[in-house]
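Have a look at these structures, which come just after this line.
In what comes next, chain A is part of two complexes: it sits with chain B in the first one and with chain C in the second one.
Entry: the complex of A and B
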């Protein structure tokens, strides 16, 4: 038999140990370059936020001392804030403070910006997570359905639904939602995160209302928080769904003509396995990016939605700070958002290596 | 003669074009028994489309029609798509051209083999895994216990194609279509793959349709040869008589094959005549 002398067994047939070893080395190399890129990105973020803060035509002293302060009070405040130093020293000082976790004090609330953010961010986190869950759980199946029924009526319907999600202004959707489901039908609770009845009885532990009410063992409060969350989460979830559906659909369509899909059908796999195991497994990498991007976008704080629903989240916080020229708060929140963005990108990078063996 | 495995009569495949439907397979008839049949022809002569039409895998908006398309006496044109799908793998399978594209890049070789066993033989995980290793061993892959854990990009093209053959034979089909199974591989690997294919097909008493553009290979490997030209069969003859082909197109194809040690400046240009494909 000619097989023994055949050349088609490559160098791949070496021993087990060297393979594992080189894989480990590659992995640690990857980790290093990942860390380096994260550090660089964070540095860039700080540079940009600092200079935006300095370039903005807002007098930083105005919010501190008011517009009628005499000159010597202004000068003193400037010295205290380090505004009389050269720009690069100001930046170093800023960098040092940030690295120590000191984002400055909010003029508006008089509290450290980080304390403020710790109070406002969980509301946004809760809303964005719920919305993303809705977006993923409905968006991916809808995208798959549209792609597998390409050109038929389910595809057309889903495309219109997704297009509407893109085009309808979210504040309008929120208002109409409140009008119909809260005011008229009374199916859901109104604006805010929880009824005033529970407002002060629930001890904030991690800031997520659903979790805190459960930790407090208060079932009624949990349900109340849930019904408050449903409508804003659905409105934002629709936005996320529109994006995820469209991306899933086009990714699937590009993949369905691939040879391995034909091979999977030829060997007699049921269509369900062909689609959900083979094709979906291959679009996982771009799909994860899509989901992470949409999640990050929602975590920035959906200003309009939070305003309509009086949802005390990051978007609301930034808007209020901006309107009262509270630059420290705006910059602090911007940095937090930037860090969340970087963190999510890092996470999706790490997930790549899990779902795609070629990236290992 | 008993009922042939595959009967094809008046098979047509058409795709919509700018000025009306364009036929890529234009009324083809042939039968395949438990033998090795070669299909040769240029690119675009309808070889692959014929194979895919038999498996009901012509992508939309392509249209397939046939006077008769029967497998083991059963009329396939009367079956619903679901029933056609049920024949795939279990009774008819196909080895695709390039294992680099035809194996799922994000699943291990073992997982892709095992799922085939699980679906067709309703095996448990451990049993399916054991069968996968045996199947890889049967296609002469060395160290199958290790290969089942590898991903397609970690193995060579030849190993990939062997894994593909193992995968397609796993459900125990009676007819195997091989769509240029070696043209994406090195010439050194080709002989070994074909030998394995031959060995397994013969041992199982299966029918084999080998689609290729390699005349020498088909002449050496097959019992019978069908020569395709522009969506039609222009000549059908026993493989050993290929060198004595009468049709001018087949003669032209043969003349275009360069020979080692031959002193010739230019290869002749293939003669084509649309009238050969006219009915």
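Entry: the complex of A and C
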């Protein structure tokens, strides 16, 4: 055996060494395929967005120089933006620029697209994170409650609540929320991220208003930012809650019929252990996917909510840029959203390995 | 136990904020007494450089930050008064204009306003040659010759020589537009990069001597202005103005209702009626020079038939639309110069008369099956107006197919002359009849290659004789003769033009009752914040 082993292993490596070696190889292989998939996804996104943007029946120069610009001014702007080149050369030129880290300037704000995104994305991130927290903290317990009380009144009530969250237009819900909780009751602050009194006294550091106000050491501004966030986050949180509740409920129901649940109950395990440890533990992988999808959806920017609440977020930025044919801004924001999706996918994968030993 | 765990989770997400709500709550509304907060849709703002700015929202802000060479009197917008120029004289039969610069005028930076600044600012507009530059380049100034024709001849004197002659009133009116803003050359040149005359820097800065200076502009979010204590007409009573971008009218309504905004600018008629029923609010209704019209493309043989055009003019329910739909936001006006403009024709001869329209269509020989497409921006009130017109045209026997698209898409199609009928909006570039006449009654080259894409060109209306008369009116020195020339042109366009001229805009702003001194004026850049006070 020893001889054979030496023959099979002429370099004299121990058994651990090839294992470590192959693990390293596996890891670098995974990293390479990950990088390749990120690059391909972003490239695909760019191609699709670029060509859709360019074939839209809107004159992109209207956004740049307006309707009344003389022809020579239009021609000059077209040359500066490369719009006089064939489509494929425009695309190559754009690719070349972004490879150098230059995402171009937004026509509408006159700022580099990255500067714009650095301002608009944190607003969306703050709102989406707060909404997802509300959605998860309420949605998962409600879904579990509905499943364990299947067919009884708590289940019926929760299903109606979730269905309403699905069916009520978020735009309408936002307006009614403002009317009741801001205009009538005065429980929350109005539209915008912070009161005008603080608007120009808080120096943006990371762009998250709650954090920036804390960093500035201004307690009153922090509370003001909090009260501005409560309502839009609750409205979007309700949307997220509706989705998470329904998914939790149906995943739980499918799992509750499994034999291991009956076995656990017959064995005399306390019900809380059966539900919260075994059943919930087993639906954790699809549930994480559900939550990640819901979060990613909100991170794209909730255009209607952002409009109603005058919340300067990414959704509003992309929509207005798209309507104005400001393609540079649309492309930049699309890349960010693509990266967010990829990031959340990776995060879900990481969480799978934590909650599911089979995935390790 | 299971229930307890769930309740704990719920308590964390609902209970904590609820407790905070009960215990602390947001600070009370109401804007600070020395701050004016305006809720407005400002998503069109792309630059604050007076040499480039040509958007409604941007123009309004630029007007607060810069003093122009000559200004329109906020008390009577038909009168010109001095701005940076204290006085002026017309020389060589209108070939030259000389301006005496107001002494002791200072920019926000503290630099004195000099004749050199005046000449440099006007030269900069021409050299940069951005969209609004045509207002000055029409006088024959180019990047090559402008320094020769626009120059400071003494520390307090600037002279302008016109290469292309125009009526002196027209020149002065043009200089009262945004391109006539006088810029702090010393400050701007400190920020010049690669000989760009500070273009890259001034986009989101201010370098003027107006009532306010720019504090910050966050695109699609807000603009903040700070009062200039040294303003030559006296320091503004309010110290700060914040124009918040609120795209949704319902949100504007709530903000002004609650006191988080002092003025709401884009409310619907119903929202205005609701607010103004209360003594806490007041309405400021100001007719603007903006015109709503239907363009009739003459490439379509049906619309090229004068009898058909005449018939269609009798098939619009002007009064009905104003009363039932537009409710004070537009008024009937059937000529292209708005009421209040020098030389405006205020006759409105057309009304809804379906029988007359039918008779004219029968006379036209256009046949029994009349079908037209109608391009319309997909926002309110344009869609509603178009649907009403579709209805009344249908009664007259003309089938209309509505094509709703985003406004820029409609404009793209219009500029390519690919429409039949289009619902469009017009606003003059400066307060002189030439600005509008040059678009509605001027089409020097009707070929598809024509470079002056005027409104007449877009509708393929070939009018060599009228174009010549429009040009002559711009040169007429005698005010009475000039006025008569514009009246005659409007009558002709009203009766036989490639348009159905329908309405003039009335801007309705709702102010909280404690706000006074806010001036709106006839164009987008005549809005004035300087006189605002809050009691």
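Note that the second predicted complex is superposed on the first by the 292 of 360 C-alpha atoms of A that agree within 3 Å, B and C clash if a C-alpha of one lies under 4 Å from a C-alpha of the other, contacts with A are read in each partner's own complex, and residues count from 1 in each chain.
Convention: a contact is a pair of C-beta atoms (placed from the backbone, for glycine too) under 8 Å apart; a residue touches a chain by one contact, two chains touch by 3 or more.
Fair warning: this is a prediction, and the values are worked out from it, not measured in the lab.
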First, second, both or neither for A:260, with chain B first and chain C second: first
A:310 touches, of chain B and chain C: first, second, both or neither? second
First, second, both or neither for A:67, with chain B first and chain C second: second
Contacts of A:278 with chain B and chain C, given as first, second, both or neither: first
First, second, both or neither for A:270, with chain B first and chain C second: both
Which of chain B and chain C A:195 touches, first, second, both or neither: second
First, second, both or neither for A:175, with chain B first and chain C second: second
Chain B versus chain C as contact partner of A:300, first or second or both or neither: neither
Chain A residues touched by each partner, larger count belonging to chain B or chain C: C
Contacts of A:183 with chain B and chain C, given as first, second, both or neither: second
Intersection of chain A interface sets (partners chain B, chain C): 270-271
Touching residues on chain B, where the partner in the complex is chain A: 52, 55, 57, 59-60, 85-90, 93-94, 96-98, 101-108, 115-116, 119-120, 140-143, 146, 150-151, 153-159, 162, 164, 167-168, 170-171, 185-186, 188-189, 191-193, 195-196
For the chain C and chain A complex, residues of the former touching the latter: 1-3, 5-6, 9-10, 12-14, 17, 20-21, 24-29, 31-32, 35, 37, 43, 46-47, 54-55, 129-131, 133-134, 203-204, 215-216, 218-222, 224, 242, 244-248, 250-251, 254-255, 257-258, 260, 405-406, 408-409, 411-413, 415, 429, 451, 453
Touching residues on chain A, where the partner in the complex is chain C: 56-59, 62-63, 65-73, 76, 106-111, 116, 119, 133-134, 137-138, 140-142, 144-145, 148, 175, 178-179, 182-183, 186-192, 195-197, 199-200, 220, 223-224, 226-228, 230, 270-272, 275-276, 307-310, 312, 316-317, 320, 323-325
Chain A residues within the chain B interface of the complex: 1-3, 6-10, 12-13, 16, 151, 257-260, 262-271, 273, 277-278, 281-282, 284, 355-358
